[in-house]
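As written, the chains take the letters A, B, C and D, and residue 1 is the first residue of each chain.
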């Protein structure tokens, strides 16, 4: 997963030239986000978020979610999620998450760093989804001062395994949170994909279902850089602007982070991009029906497909130039983005079929 | 300095519409940086800095500085400086800086946060410049374990007061650092302006003069977002990539931070932009010769002019729509950027002359 | 102030053998504290503060202060003060203190470490005492997110310069704190000495005068180890037990920290010890009346005397074997403890007189 | 495991009056430690470890271990272990430990707090012992910057399950550590019990077997308060005195922490106490031979016995007034201390036999 860093052009892996489906953040900036940045790049504007674009972007979120939430902007998901969790916890508190949660597996200890030590309590779950029972078990297993006191729960929507919590599932989780005095955070690095999948409103999926804080991902949705943090319980946002500043997450030329949100929220690009990506995942799944030995590891509900396949199949795909990561249970992950080309999906399908039949022969 | 945040469009200050010279980060993205982002926005690319643009940018820095330094990219100066200092210190160490250093006055405690407690030891200096004597006094004043042990010195080049350390001054500072076992960090938020001012090479101003780590500012130089961190003593860069990742400073679509560097370093825009901004400052100073009661507070050597002027003059300027911050000693700060319009400087000169003569009458 | 550490018996400074008055924590354990530990050292007792001695000690504090405060025990003042301040602040907040405050000058950055970065805002004051005006100036000087937001004020009672805030002074400080939304912390490393000096009740000096949190020093008062932290605003104590545990400040055999408090609070030794130490300081001052060139630098109101004296006098004293630290303005500090021997004070007086007259001759 | 805290005498659990075997830190101070404190409590002594007792204690450790290690003293094991690990790691590094390691299960996130975020990588092991294979698997499972880089391994000797790593096992672990560039830390909260169990020298169990840092527990060995930290690789101890100070672990009246070590190391009490405690555990095991349904969960090699027993047996024991914790797999833990009374062990044996036979009837 890692080459020498920082690289020189000599060490740069050649295979990165033509990859597709390896990750949705391998995609570039979508036209709407680009146009908004271009429009924002006009003359001078106040720095540090005191510009008109940032004000408009915050308003656009409040409009979209239908509630007067507090809105902040950070550079990336690592910081957005970690800062949000840090605002819910003191260092001696803990956060309950799934064992496959990105905050646990791929943030290099960022939640612990930003919070100065809050521990992640990890639930082993079959498919990467957290459940009310798992939360209750972790939250009530210890109640002595020798173990960090649970104070927050974080769920990833959609999950790292490409599944979507239903509204009922979210409500059941928030109910157990309220019952136990825990705050509920949603890591929405691909929040738009979940909305597109369920067809519900952002409000329904969040504050109407008991979510306290949402990190809404912009990068994977088609932006160059930037995530939004929404506090539906505004009391939790007290001094959060200071927290962002101190943690190196306040952009001076903020308009280039906020303008894309204005445009994309207002004209619906956020949802169209997500629906397009989800459709790519469904196209792959549909195309693979009946292929021997190849099947999705998890229900495909967003823009990720984890395939279980014989080793020979994966090798064959790599030999044909396809790049993908293999994770849990040997699953090969294919991610679809706002710019996924259907014909390229079809080509992947064809190649998988080829190598699978060859392997089965 | 601060409006309600996050703002709504209702609370947005009207005066931000037409300001100039309030800050160099009120400027937008320069054409070269924009073109580079546009070019980079093509197809898919590996994330997290493993793309070809990032490799090229690192090479471009090594080429420009003529040395095989380690290069990293962060989102902003708050993080770049804080991470660099944290890599030089443990929590019980301290960093010597000027009382007007940005890390002390305008980072909301970021250096202390990233380092988990390293204290800034502040030298009171007449003009914002740190001196070998001041460093020695602070570094040797205490040597007991009840006070944080000095381990690093940071200088801002150019200073927050718009002055430039000469090569001799830097060498004298690095000599005392070596003598005392201290590491030397340079906050180069406007590093290009210093190079343009002194007419020396980046190498001469840094590693050839004893600087261990440089934060090279891209945002004020004309980019949308991004700073570079260069370790000339590469041993200090060990695992710095992990440090950036954990601290929320690893961009997934890194190419949009790195591509502008490639283009601007290769075609000289970094230096042209800085020279242009510096020229704006000189134009203002030249225009104010002989104006009663109005004079620069500090030698004008980069892109900042601090003017001392009667209160009536400052009020008069504000009445005419000019926006600027007042800092130390009541000085009014005017900043010039890559896009400063000479005719606009002339208009400022004319207005200052008008109100000054009226005030003196 | 520091020898090689950890030392070997070979490097141990010989001069430590016979010193007096160098520091009040050079004294040992007073008879009452010792007896309490001996009594507590009987059989088995629950660990981590769940023993009867700890419960009794907390009750004794509530009795002494006449209010149902929350009481915690920490190992030393570094931790007690830092944990208390951390409970009042987030990392992006700041704490206002005097430039001579122990938390600023002698804790090796502990407040910043425990709070993960809270900055100390330092008021330069003539005599080490914080004033309402100084607090207001620091608290209102900046109100932008680029500077840590003031959230707490800490005063040392008595001060590091051996003075005592009057009740009126404390009330004036707490009034400005309430006005500005700041919490008031009292570093009472020598709290008993202040009570003995003013002759007022502990309640009057703290919660009745607006103090939110007090660190009550036991070590300098005659114990082997241990300080108490009292939250008069009990809401601030939420989960403070977890904070202590995580920070390595929960003693397993807590009874040895708490038993001395039970005995000393109940039988008045806490106040007798302090009064005895204060009397030592007064004895020295009285004895030096009329000695040429020798005078107290600050009003002597507790157990410290800072003497200004010609260098020759200080050298002469050192030549006669006296050990003391020299601090601010060249003042020589003499500290008096619960076990100060009056005849030894008289000997010091005699020696000072001798060398002063010799120097003046 | 926790009552309301801080308690009042009203809420104090009555059952704590007469407990035995619940924990080895329920015991008091042993005669040798007490005598040393009494002897140290004579006159004045330099503070903060610059006294003769502390120098002698450090020398005594160097003598006992036969090597010029650097020695430091902390108040408790939480801090000693966390500070030692923090000295081996940066915040973005990780520490490999057993799932039952005390640092993972009972320190309220202290390692993460002191290190500002270092993650613990937990090996699930059958019996609480870490193995070379488990270390290798965890250390090599990930090598990308999105996951904290392994830098240290910690083993508890004896383990939390009452077992002792053999010298061969330690050497095998240190070999894999060296191979992978990891540092080896030993949590020796009950180090003396391991020495007594194996009959080997402290040197053989530590630096001669590849241990870099040892935390040697004093509290459970019979002291009131205090642990020692020994750096066999002295380069790792650089500025560790500052680290202790900043973290609130530098005792002002250090002699009361260090004097007991001098006496106990020199006259062998440290080993006698441990052997006595171990013998208590063996006495219990021997006495239970043949009791139906009752057996040790783990090999009994130090001063802990984990018994598996029918629920009715445990209830019966509680009904007879015995206090103990139940942990992993429902095991009832009995701990033996320096002051364990053999006749009391016999009484426990008799009671277990009684209730077990009653339950089996």
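In the analysis below, a residue touches a chain if its C-beta (ideal position, glycine included) is under 8 Å from a C-beta of that chain, and two chains touch if they have at least 3 such contacts.
Bear in mind that the values here come from a model prediction, so they are computed numbers and not experimental data.
Enquirer: Based on the averaged CA atom positions, which chain is farthest from chain D?
Expert: Looking at centroid distances, B is the chain farthest away.
Enquirer: A-D versus A-C: which has more C-beta pairs touching?
Expert: Higher contact count goes to A-D.
Enquirer: Using mean CA coordinates as chain centres, what's the gap between chain A and chain D in Å?
Expert: 42
Enquirer: Starting from the mean Cα coordinates of chain A and chain B, work out the distance between those two points in Å.
Expert: 33
Enquirer: Hey, how far is the Cα centre of chain A from the one of chain C, in Å?
Expert: Their C-alpha centroids are separated by 50 Å.
Enquirer: Listing for chain C: what residues touch at least two other chains?
Expert: 2, 5, 91-92, 107-110, 113, 116-117, 145-146, 148, 241-242, 245-246, 250, in rising order.
Enquirer: Sort out for me which residues of chain A touch chain C in the complex.
Expert: Contacts found on chain A: 48, 90-93, 116-117, 145-146, 148-149, 239, 241-243, 245-246, 250.
Enquirer: If you look only at chain B, which of its residues touch chain A in the complex?
Expert: Going by the criterion above, the answer is residues 2-3, 5-9, 11-13, 16, 19-20, 22-23, 25-29, 34, 37-38, 40-47, 49-52, 54-56, 58-59, 62, 70-72, 74-79, 82-83, 107-110, 113-114, 116, 219-220, 224-225, 241-242, 245-253, 256-257.
Enquirer: Where on chain D is chain A touching in the complex?
Expert: 1-2, 5, 91-92, 94, 105-110, 112-113, 116-119, 142-148
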